[in-house]
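Okay, so chain A shows up in both of these, paired with chain B first and chain C after.
After this line comes the complex of A and B, so read on.
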């Protein structure tokens, strides 16, 4: 097998590699800005320089030249090489900044050059704290600047489009954003204009940077030149916790980080997952973060004397149990949800089966024509595939209406959806029946017809499994805390929250911005208990283990196996 | 031109009004053929951007965004790429320029030999600042970086064409008069000292006469 010596360490490798990527794959950091594994390699930031040589070969004999000690003599390239563009070859000897003074000096001097015209904006820059330029200047850069002249002035705070703001002075012209629009999104909306010290990325006149994937350039910008118009100046990087999870705006389930400050979702950024979304996230996944924060219900409500009045959780569960007790078969209609996790839908099917009712249906949310063959799908729910695999199928409005019109139905059980708002049911269809509703927003129009309203945790507050349109099962983690104590959620939080959010037992615990709601896997067993069905599990993990064991369509989808990147489920052709 | 002012990269207008009559904004069949010919010389259409822009500049006089878009569409390359190329090179005029564009070199060698003095002379003579166009639309003057004729400094270039070497104020005055009368200066061949013995100092076979210059003047401002 070919061998390469990196920092005096011999390493075997296989296949074609660029040196920088090989080092990064081994967890060996090399400073760099312009290189991005998903895009072409321009080698224009000059930050990843290394010293590279090959064993010297005698031209006449083709034998390696040895020194007095019998070691091969290494002939180094006359100049340092950019490791990002260098193909690793057999016998190559590489010295990085760790073992070569010349390399570390080159990196230091290169940073000094990059920083010559870079403004001292860090205290007000959104990128500060997670800025590759800041980090690398700190680790590899010079002590200070020797540049004592006036810096070049470039346009600042220029909206390139509706979502991306440019600060020209901060730009180091790595061209990652331009290459993204040229090679990845193919919208060709950006270019570097001007030359020398005066250049910066810009749209050509008359063109707006309105690419539906435009905000990815904010993620890949190695400086604060491109920032989010939506998020800028809202939080500093060190004030937020970033929870790895998936987005819920469509059926792709793109991997993301939810940024949480003061228990509010403030930003969403892309998380790498080669099986799902690569490095990217569509803009629609990143915007409207306030839907997780605002118009959220505050505790359960029960209808008494025609009014929905506040109740305790136990009172609400009792009321729901009372409505379900005695109903059976055709008396009750279960509506599951493609917004809810596999666990919650599974528990609902168990409850429906216990009452001899038909299998639940789910309300489809499809926007025809939205699909772009990439990360946006027609289906605007995160778990339709998971519902299908559980045997939950899209609701047929005509069938639902005729069943309600027939007068058989006494109770409609709706989980995490708004069938009235979605147009599947009309409000007056529900006039004569009791409605148990798990809702996540007070704007839910079915709420007006509800007899028991149970606030449910959204995807950012719960633990659960979602199956995307390609059959990739992924689990979500709680990014923000809910009111009350839940051991499963707190255990997960403890692992994922960097900002050390207080437990309710701590004196510094703040209840602000916490929603009084319950995850489905907490509420459903409580209600099932009231109709003599034991659905108690230790937690969602055990629910999923049960699902994976019972349903062949979920084979292997345990929490351990899914980890952070999910598992690809087997094709489930059998489930229609 | 003030060398002590900070460099400022200006933001070009994001949504400018079109400056070329939409009816005139087309390439003739012959021009299209020429552009297709340029395209054949390169492996990708991007390669032909520069030559096609040049053709468009010769046709329209300058390259406003709508002309750059026309070129990009003709080549089938992204508008943004063509715009990036056009803004990179100062020889592409993004704004309407005068009939004669006087690019006075103010880079090191010319600056030492009086390049900035020559620019100041033009500024005061024509009544406009560097980067501006005279009201009659005759002259645009600007300071430019090295044009590669340091041996005959100070020098200038007229409308991306002929070089005028060894500038003096009198020489500039004469040139301006001639240009006002409508005559474009011709090309001059300059001999390097080491070539003087060869072909009578003339290395060009297409030109009969050659000007041989004396030691260039030295800038006033340096003293």
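After this line comes the complex of A and C, so read on.
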């Protein structure tokens, strides 16, 4: 197998590699800015320079030349090479900044040059704290600057489009954003304008940067030149916790980080997952973060004397149990949800089966024509495929209406959805039946017809499994805390610097913005217990183990196997 | 005015590598009236070399071998063996291949291609066609800098005539060889003269130089095999065919043979473009060809090959010839043979300030060291020129040159750094004289 020597350490490699990627894959850091594994290599930042040599070969004998000690003589390239553009070849000898003074000096020089016209406004820059330029300047840069002239002036706070703001002075011309629109999103909406030190990215005249994937350039910008118009100045990087999870806007289940400050979701950024979304995230997944924060219900309510009044959780569960007790078969209608996890839907099917009712149905949320063959799907729910695999199928409004009109139905059980708002049912269809509703927003239209209203946790507050449109099962993790579920007990929540280093007496530990709600895997067993069904599990992990045991379509989907990147389930044959 | 070659320096003793240059008969720019007209060019044996190659059934490889044997080296500045470059082209496949004739002459002090295009355009076309034949190419882009607007019109007019007579286009001389020549106007960027950014510019993109490898012969214009040659280089090709490789190899300096256009500017009595063999003594060029220094001033500095080549002090040019080896020995380069001559009144700091301004203005901004470094260099030199510099700025200048040299995609960073490094190195006293004196005398520092 071909061998390469990096910093005096010999390693074997296989296939075609760029040197920089090989080092990064092995966990050996090399400073770099312009290189991005998903895009072409322009080698323009010149930060990843390394010293490279090949064993000297005798021209006549084709044998390697040896020195007095019997070691091969290495012939180094006269110039330092950019490791990002260099193909690794057999016998290559590489010295990085760890073993070569010239390389570390070149890297330091380059950072000095990068910083001479950089505004160094880190204290007011959104990128500060997670900025590759800042981090690498501290790590590899010079102690100060010898530049004593005025820095170049360039346009600042220029909206390139509805979602992305440009600060030209911070730009280091890595061209990642330009290459993204050229090579990845193919919208060709950005280019570099100007020449030399006055270069910065801009849209062509008369064009707006309204690419539906435009905000990815914010993620890949190695400095604070491109910031989110929606998120800028809302939070510093060290004030937020970042929880790895998946997005819920459509059936693709793109991997993301939820940024949380003061128990509010403030930003969503892309998380790499080669099997699902690569490095990218559509803008629709990043925006409207307020839907997780605003119009959230505060505690359960029970209808008394025609009014929904506040109740304790036990009172609410008792009321729901009382409605379900005695009903059986055709008396009850279960509506599951493609917004809820596999675990919650599974528990609902168990409850329905216990009452001899029909299998639950779910309300489809489909926007025809939204699909772009990439990361946006027609289906606007994150778990329709998971529901199908559990035997939960889309509701047929005609069937629902005729059953309600027949007068047989006494109770309608709705989990995490809004059938009235979605147009599947009309409000007066529910006039003569009791409605048990798990809802996540006070704007839920079905709430007006509810007799027991149980606030439920959203995807950012729970633990569970979601199956995307390609049959990829992925876990979600709680990003923000809710009332009632012990934060430390979950053990899964992303941590901010404050979480890790502050004390409970610090101001950050506020109860504000915590929603009083319960995840389905807590609420459903509580109700099931009141109709003498034992659905008690230790937690969602045990529920999922049971699901995998009961349904072959979920074979292998254990929490351990899913980890951070999910598992691809066997083909179910079900049409979503 | 009679000016002897011995005035000023001791060049009389030195030997020129150009042989008997006083008897030299011009071939690139022969003294023929209206040679740019196709009729005149034909009368003087024009397009005979092309006819010979095409109707004489030369193998394309034979053409390339002849050029290789002639020892022709590129006249665009890098002096790379032209025939060898042609052999880098991969074997013919189904797709197109391109020749780019580089007429983006932008190096300050260089203005020879303009003369060729003005006075002998058909020689350029003939050279292009022969080169295309040698490499089985059917399209050549002649990239002319936009500032040469008049010359572009001129070349387009002459090209049209060549098309009308059947020298360019379909089935040249009734053979099955066809080639188109497309004249492309540059848009005013120095960097477009760099071969890879010339191709980017042709493709309609930003002229950012490409990383090599892959080299243009593998991945050139639109990803197809491409060769890029300078205007003067290609103009030599018909001469090599008609007069033979031996004739060419025997002219001038051994390692860089052939006729060359010396573009001499600056403080000489008769600046201009002169055609002589390579290997001319610099002193001959100044004191004989150009009739000496203007106003009989003393020579101070010579920049031998365009502004990016290191300048030579007057005392360094003794016996130095205009060829690669001799100039390397002296500490400079042949470049484009665009020679800048400066007399004793020249302020080298001001000169360097102007040169640095040029490279700052022309840096494309792709690579960090060049984008940031060229501006810093200019401002430091300007600061010194304004009398506000300190001695440590001189060291900083040298440091900056080391930070830029050899660390970028193309050679512009080197082109910007070399004049700074070598002007400072060879005229340091002038820089020191402009710097502020140190506030603490060195003696105090030593004794304290």
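The criterion applied here is as follows: the second predicted complex is superposed on the first by the 553 of 576 C-alpha atoms of A that agree within 3 Å, B and C clash if a C-alpha of one lies under 4 Å from a C-alpha of the other, contacts with A are read in each partner's own complex, and residues count from 1 in each chain.
Please note the rule applied: contacts are C-beta pairs under 8 Å (C-beta built on N, C-alpha and C of every residue); 3 or more make two chains touch, one makes a residue touch a chain.
These figures come from a predicted structure and were not determined experimentally.
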Sticking to the clash and touch definitions up top, decide whether chain B and chain C on chain A clash or fit. clash
May I ask you to decide whether A:85 touches chain B, chain C, both, or neither, giving the answer as first, second, both or neither? second
Counting only touches as set out at the top, which of chain B and chain C does A:49 meet: first, second, both, neither? second
Classify the contacts of A:152 with the two partner chains as first (chain B alone), second (chain C alone), both, or neither. both
Please indicate which partner A:172 is in contact with in the superposed arrangement: first for chain B, second for chain C, both, or neither. second
Looking at A:192, would you say it contacts chain B, chain C, both, or neither? Reply first, second, both or neither. both
Is A:109 touching anything from chain B or chain C once the two structures are fitted on A? First, second, both or neither. second
Classify the contacts of A:205 with the two partner chains as first (chain B alone), second (chain C alone), both, or neither. first
Stretch of chain B hitting chain C after superposition, from 41-49, 59-67 or 95-103, is 41-49
List the residues of chain A that touch chain B in one complex and chain C in the other. 152, 191-192, 194-195, 197-199
What residues of chain A sit close enough to touch chain B in their complex? 150-155, 158, 168, 178, 181-182, 188-195, 197-200, 202-207
Considering only the defined contacts, which chain C positions touch chain A in the complex? 189, 206, 208, 211, 360-369, 371-376, 379, 383, 396, 402-403, 406-409
Interfacial residue positions of chain A with respect to chain C in the complex: 41-47, 49, 78-80, 82, 85, 106, 109-110, 112-114, 116-117, 146-147, 149, 152, 172-173, 191-192, 194-199
Contacting residues of chain B [partner chain A, same complex]: 6-16, 65, 68-69, 78-84, 87-90
